[in-house]
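After this come two complexes, each holding subunit A, first together with subunit B and then together with subunit C.
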Partner chain A sequence: MSKLNKDVSQKDVVQAVVVAEYFGNEFAPITNDTPLALLPLLNVPLIEYTLEFLSLGGIEETFLFCCSNVDTIKQHIKKSIEKSAGWSLTMQVRVIVSESCRSFGDCLRDLDAKGLIRSDFVLLEPGIVGNIKLLPILKKHVDICKADKGAAMTLVLQEAGVGQKGRCLYEELLLVATTNYRVLLHQKLGVSKKRKIEVPLEMIMDNSSVNIYHNLKDTHLAICSASVLPLFSDNFDFQTKDDFVRGLLMNEEILGSTIYWHRISGSEYAAAVTNWRMYQSISRDILHRWLYPLVPDMGISSQHRNYVHLQNNIYRSKDVHLTQNSSLIEDVIIGSGTSVADKTNVSRSIIGESVKIGKNVVIEDSYVFSNTVIKDHCDIKHSVIGHDCVIEPQCKITQACILGDGVKLHKKTVIENELIQSQKPKDELLTNKLNEKAYKLKIQNCSTEISDSEEDGLLSRKLLRLHIHEEDVPSDDESFKSTDSEDELSYTTSPVPDDTNLFLNEVIDSLARGFEDKLQCDNLILEINSSRYAYNVTVKEVNFNVVKAILTLPFQLFVGQAYLQSLRLLLVYFSPILTNYLRNVSAMGDCLQAIEEFASTNNELNECVAAVLNWFYDKDYLSEEVILDWFSSIDSNTRFYARVQPFTNWLQQAEEASSSGDE
Partner chain B sequence: MLETELVDVINLISDIRHGKVYTSYDVAIHTEQLIEKLISEGQWNTAEDLMVLIKARINRIMSALPQESTPVNIMRHILKIIRELYDTGFKYKSEGQQSLHHLITSNVDNAEDYSKPLPSLRSSLLDHLAEYKTGLELSTDNIATQALEHIHADEIILTVGKSNTVEKFLKHAAEKRKFQVIVVEAAPLYHGHEMAINLTKSNIQTTVIPDSAVFAMMSRVNKVIIGTHTVMANGGLRAACGVHMVALAAKRYSVPIMVLAHMYKLSPLHLCYEQDAFNICASPADVLPYSSGPIINKVHVYNPVFDYVPPDLVTLFISHQGGNAPSYVYRLLSELYDPNDNEI
Partner chain C sequence: MAFKQEFQAVILAAGKGSRMHEITAGKPKCLLPIGNKPLVWYPIHKLQHIGFTDVILIIFENQKVEIQNALDKLGLLIKIEYVTVKNEDQGTADSLRSIHDKIHSDVLILSCDFVSDVNLGGILNLFRMHNASLCALLLNTPTNQVAVPGPKIKYKPERDLIGLDAQTNRLVFLASASDFESSVSLPKALIRKHTSITMHSNLIDSHVYVLKHWIIQYLQQESSISTIKGELLPHIIKKQLLKPTKVDYNVSTLNTSDKNDIFAFAKESDLDLRIRNASGFNDHYGDLKSSYHDDIIRCFAYIAEPEVFGIRVNNLPAYYNINLQIIDKWKKLSNEKELVRIDSSADIQSSQVDDKCIVWDSCKLSEKTSFKNSVLGSTCEVQKFSRIFNSVVMNNVTIEEKVALENCIVCNGAVIKSGSTIKNCIIGSQHLVPEESVHTNEILTVADRLMEL
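Moving on, here comes the complex of A and B:
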């Protein structure tokens, strides 16, 4: 009987639920007037991407869940259907309104109460774009459900290499799963400030094989069994999908539900616009055609093609007015009716429709929405400028400024890292008036003023998120580097110099201890070698740092004594180490470089460098040719050169003398 | 023209975009069905009405799918049939084949009047369409039957990627003769692998080579036989990416290149018609996976779908009517399409 039911349910229409409401004001002030669903992404409302993706993915009926700005969204949907947008032909879209919902979880509870969903469905969080074929994943989910009655959800995740912009810092994901894709642990690392991840021992003991992933990106897309909605209803503390996943995994025994995951591969791509940083990286990914066939030149959901794809991923609408001297550099999309005047440079930016850009303007890594006017000599970098703004000449807008719709900026305004909106905000205290049409939304460092209440905590985190490219301000070309290096899980290969620095400190410590405790040099060599492997430094760096460490030691061990004498003492003591490392010509070069570098920053050594070199030469650690060779490469204007010169002169004379002596 | 009236063509566009209609043969059949339905059920009285209806559909497809030439070509051909039937219906011109001289000298600009109702037009058009449809269905077989004229015993044939027409052509030849086929795998989609598997099922000795080995292998090849996406008006090809390289290698070794092309692949457009939209780039994922890490942030990856192959690299076109040289394409075009319909 149940089998019969299952077969019947498979014949049902394939349904998807899109929660179009983004609970939070991450996108303020842009989203004051426009709902997130209609936020332009490459000049097309975000919702069009979502719907077209669902239609291409094989979905036949979509429930669009809205809580605010309902009329705008409804109108938009109606207009799209009239224009026979691609999705409207194969998919039915039903807008569900529930203005009382305050969270993602509320929406699903409401949906459960309405009883519209009967079978498995695709659940989308707000702002998803993608090009995944959904039917195979749905089928896989059905198969899993047959084998495991408790299967509630299949998370759809995409592999994204470490250090990629498409990975959202706040959504760093650690996933522990069995080999048959059952999720055991699902943790968003960005949200928790923990430095360590604890994986319960049972997780590994109970399963013959467990995979731990840190190379996945959450697409915010999930295939759900019909049991998901009642689960949301039963547990009213589930606010988000992540809550749901966490709750289910924690109480797996109690609730009896399991979660699986699916990895999308090949040319499939999906991501969700959850913050400005993601907005930026998704824009870039679409310009780079990862979302093919949903790319601007194919006309996302519309039947008409407005854009032409040119070299360097430049997308130009057909009626754009460009002057001869203006240049579009790379990753640019320019909407129809826009004009760009002389000597204006645009790179890595999105320019909306009917935008007027004056002369000598520089626009980099920015997003300019429709009908905005930017006058001459403006500088716009790393910023978002809303619809219908007017920027008077010589304004400078940099460092993650976000201008809401209809903002007007006076001449020569300079703003950095601000949220600006055109209406006067209700909260007078935190306001800073620029002019009648521009109000600063929040004081820059309000996060320090705010102490405890939860709401304010949210506020400060939000502001943090908005500093999308703080760290890249000095560099122009390599904008928007990932900030991952600050993360404790720094997979962006924590910078090499740090490692060598650590290594140097370690060597200094070892040598100092070795000298004080009169340890055998052989043991010290062993110690140095093991730290070499620990910090993964090259042989060259080892040679360099060992010599440098010895040169530094007198300051640590013999404070206040004459440098040369103490150094000599040390050199004699450590000579077995030197013999060990300074074996060949290139090692000698490294040694000389260490001396040169250290002497350039250190006066004591600089003064006695000739004596030190002489000692090295006498003991045969350095050969004559190497010294002369190295000397010829030194800049002859430095003081260091003058110090070394007498010694090399002597060397040359000695050589001539000896060669003539041979004759 | 209102959206509701164009719903048939909008559905076709949607099906093509969703990949429900994939091969050019399927596209051709669907287009023919669309036109047949339009003629039998559409709201039109005169030839002119019908031509307006068809032209609206052509425009729609051209703006929505500029790279898809097959439906447009078929509709253009239907326009030509309508004109001819109308003319013969009113006996404006003598029946039979027009002379070459007449084709060249005939005044393109004379806007003829197609507004007179011709009651027999609907039925005669449907007859013609039925004939055209059988022609479409048999086109692949007709091309395949010519295989023995071109493939001789113990020859080495090189082909690129996968083409249903080429596959049938080779299989037909294999029934009588023994020869060897080298299949270029055609990265990054590797359709060549599928092709090779299909060929080996018919006991054809098949070798798969990577794209990079084409030049090295070309010296041993007797003939290159490929399919194409479109034949441009100058005899050049819009073919799968990688074919240009093969064609250049073949030219270097003076190996003849034969292109199997159905008549509906002949387009009256030149390369310069809309040069920027000539090619499309697919997702870079096939070239550089998304999981590659930070390099994704730093590079532009292009994954073009098509290659333009200039006409001088093509030796022969083989259609269901037989072989034609690229220089003869203009003549085929004037047989297929009316010069008034080149610009719509």
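Moving on, here comes the complex of A and C:
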């Protein structure tokens, strides 16, 4: 009865539950020292965004559920309230501690046991930022509940087209729902390579029409009825919200609960920092002001407006020391007390407070947290550098390196795609030690001989952590997408084209784009390799197809121009690629085979095949023996034979001449 | 003709009516009476009304004379070209293939059993607007269904699964629900391309299609396709996901010549391409793809407005229902044409013929008979003291004295002897119902006639 009274007295308080604990080590080594809630996002702790969003959204009471680093978070909240942060004025925040919880589900079960939640509430997974008005959605949920007693949850999903950066690749969502927003099927496709999607027939037949959506992203935000918590308690195997949704939909009859969804679009935005890629895309979105009014120059949850918003999306704190020759190019936020020395370029990056950056430094697409020192001539791209790090001169940190707090790197250290932390890991080998203040967290890339499987892992890992900027490696996940779509598009053709063919098309596309946009060949190699794994073709086929692709390109890029001329241009441009693939005798054989095959179907090449072979020979891609060996196997009645013969004759003569010269 | 026609119209009337064989035995399906007109009149009239001057009518060879005679009587202005098919098992696509030399432009295909007040301008404009390869007209399911004569069987309509892109109304999926057992599998590429698909399960495919000319040519090559709905449409719809191979010109000419893929037919003219590229128009949003995703093959669906009436008279309930409703719907169906309810040559002595009855030519209705909401075909004879309620009586039927007929369909040439009471029955053609017989919910027909079907 006492509970009932409470209900009546506090009926109108709108509540939210924030689970602040991220169960996983996605953000290691940064989260070794800082809890995810305090991870700086544009130099403001993540939790401030969440709380500010909730209070602006109309929430009056928030339960902050913590499992570890409790004191740090408590202190932070206390400090924020003292500083009278924006949210503290209208919203009460209560920190709930339960150190025994091991999953999201545990937290909710614990919450159920505590009996703090009285009515509908907003449930937030860790790391959410947003600017949605929550009250209308809550109201809608209440209306739905009136019509459907079993309605347990309203998922909040944001419209996001295929290819949008804000879509987390691991959470590619497929949603099947009725026209009145009842969810029938909720599937996270992830990166699965499955080509078909199964939708139960009865789902379609029972409703006059259903909608199948693939243009949504999960905001990790949900409106819950009070029945959600008991449901979590009853089903102790629900570990995450996705488990919950799946379980409810599967056992709809048994549990008698239904799930609805709400679409947000237009200027409303919400997303969750679930991995570095999302961290990256959310940072960018905030810089691009999608989260308005939560933008740096408005002061996020603080009364002070620290930043000024300048042209090209540059946010600069007032006491930043910039020299005249240094330049902030675009999408940069730079915290107070930071100094940037001469001839240093910073673009698409976030620089924390009191960071010292030396001369001639290049920082691109990177995140540098507070109090770090970066000395002269460093090169930092696509990386995250924690608090209090010291990077000595001429270091090169690229390709999704994550440096934990307090790491010190010696002069001229080059790291690529590594996780570095300052403390010595407990059970790791000494070989991973760079110095006393830098230990590699995982063995990657260290072995000189990379076997195929490891390389595969490495590539996928690269895809995993940070989204490398388009201008650098355009393919990164785009190529995966295009390969995906392309081979699936052709899936419906009557003769299913084999993977090798698709691979060839892929390579042609990559190279064509590479040439047109003048991309670096190293990146193209990376792209070709990733295509190779996607289509599972052998090394032989790779060599063969790469050569064939280059031979094909003149028709695509230089329509109507002399074949040989344009081919030569391409060959010169792509020579690093050729060097990479034509490494041994068998590769040369593949190359010759490609030339032979292409020439047999193509007149242009046939006419100038001798010149092409000569080029390959001159540049040492093909050795004499291999050519002669191959030549002896050609049918001597073909025109092709006749074309090649002069060249081989010359070769033989040259050989004889040289051997006689030796004597 | 000075101008090339934009569309040619084709009516497929070489159907056997296998879904209502009880009443189509020995009679062309397209001549079944609906109100005071044969079934095929409705689509022909529709075409005539929107301005077609020619139509190709595909019929069975052995029914040609009968159909031609019947249509000549109707006084249609449109020029009908009769094309006959011999083989009874020929599919709709086969029929279409057989007339390919008569087709010189895009085609509008109608089925002879299409009765609707929909404005065909809608689908034609949709076709024009998107320069579509294929457009299909979809109808909402009619709601009111009355009890059907014959044995009480639960009538299960055939249902289609029709997937439409919610933004653009692109037709992206079409299959019959009976093709699936427990789940429908969609290619991932499809949902990545059309990120918001509405899957309908109770729309009715009206079998009104607008096809680009090249599809007819393509059909010529793909000889394995025999039906439009079952094979051609799903085939073309699937091909939308395909892209033409870019490296066309690199492949040796020897290789390409033997097998023409669909893109050898579906070509976008250079002008169209330039217009599309130059135009700021985009049919969809949500990704950065150009309009129509650069597809050359584009299928669209036109869903008729909810208030539109339309059915396919290809089964008993539909046939029976349309006849009961015809007076109400007539005005719209015929575009304000006057309904000749009672033919001038009919000899009506009865005083109890309500205003929902339709009487064809040379009918003889004796005195002291009663008629309600019924259709009486030509040269029927109804003798004294009989009453006919809610029934369809076809041609040359003789109904003797004191017969009570309720909710029945009586086929050509049947004779019902005096004193019979028949309710909810179907009486096959040429059937003779003996005196004083009482039947309810039965199919009365000469048994071997049914067998031969």
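Everything below uses one rule, namely that the second predicted complex is superposed on the first by the 426 of 663 C-alpha atoms of A that agree within 3 Å, B and C clash if a C-alpha of one lies under 4 Å from a C-alpha of the other, contacts with A are read in each partner's own complex, and residues count from 1 in each chain.
Note that a residue touches a chain if its C-beta (ideal position, glycine included) is under 8 Å from a C-beta of that chain, and two chains touch if they have at least 3 such contacts.
Since the structure is predicted, the reported quantities are computational estimates derived from the model, not experimental observations.
When both complexes are overlaid on chain A, the residue A:S208 reaches subunit C alone and has no touch with subunit B. When the two complexes are overlaid on their common chain A, residue A:N580 makes contact with neither subunit B nor subunit C. After overlaying the two complexes on the shared chain, residue contacts for A:T552 are found with subunit C alone; subunit B is out of touch.
Judged by the touch definition given at the top, the superposed model places A:L291 against subunit B, while subunit C stays out of reach.
Of the two partner chains placed by the overlay, subunit B and subunit C both lie in contact with A:V162. After overlaying the two complexes on the shared chain, residue contacts for A:N345 are found with neither subunit B nor subunit C. Once the two complexes are laid over each other on the shared chain, residue contacts for A:T601 go to subunit C alone; subunit B is not touched. In the superposition on chain A, A:Q303 makes contact with subunit B only, not with subunit C. In the superposition on chain A, A:N235 makes contact with neither subunit B nor subunit C. Touched by subunit B in one complex and by subunit C in the other are residues 159, 161-164, 215, 492 of subunit A. Residues of subunit A that touch subunit C in their complex: 159, 161-164, 174, 189, 194-202, 204-205, 207-215, 481, 484-486, 488-493, 505, 508, 552, 555-556, 601-602. Taken in their complex, subunit C has these residues touching subunit A: 159, 161, 163, 166, 177, 180-189, 191-193, 195-203, 238-239, 241-243, 246-247, 249-252, 254-255, 285-288. Subunit B makes touch with subunit A in their complex at residues 3, 7, 10-11, 13-14, 17-18, 60, 63-64, 66, 276-277, 280-286, 289-297, 300-301, 303.
Subunit A meets subunit B in the complex at residues 55-56, 82-84, 86, 89-90, 131, 158-166, 215, 266-269, 288-293, 297-299, 303-305, 308-310, 312-313, 330, 480, 482, 492.
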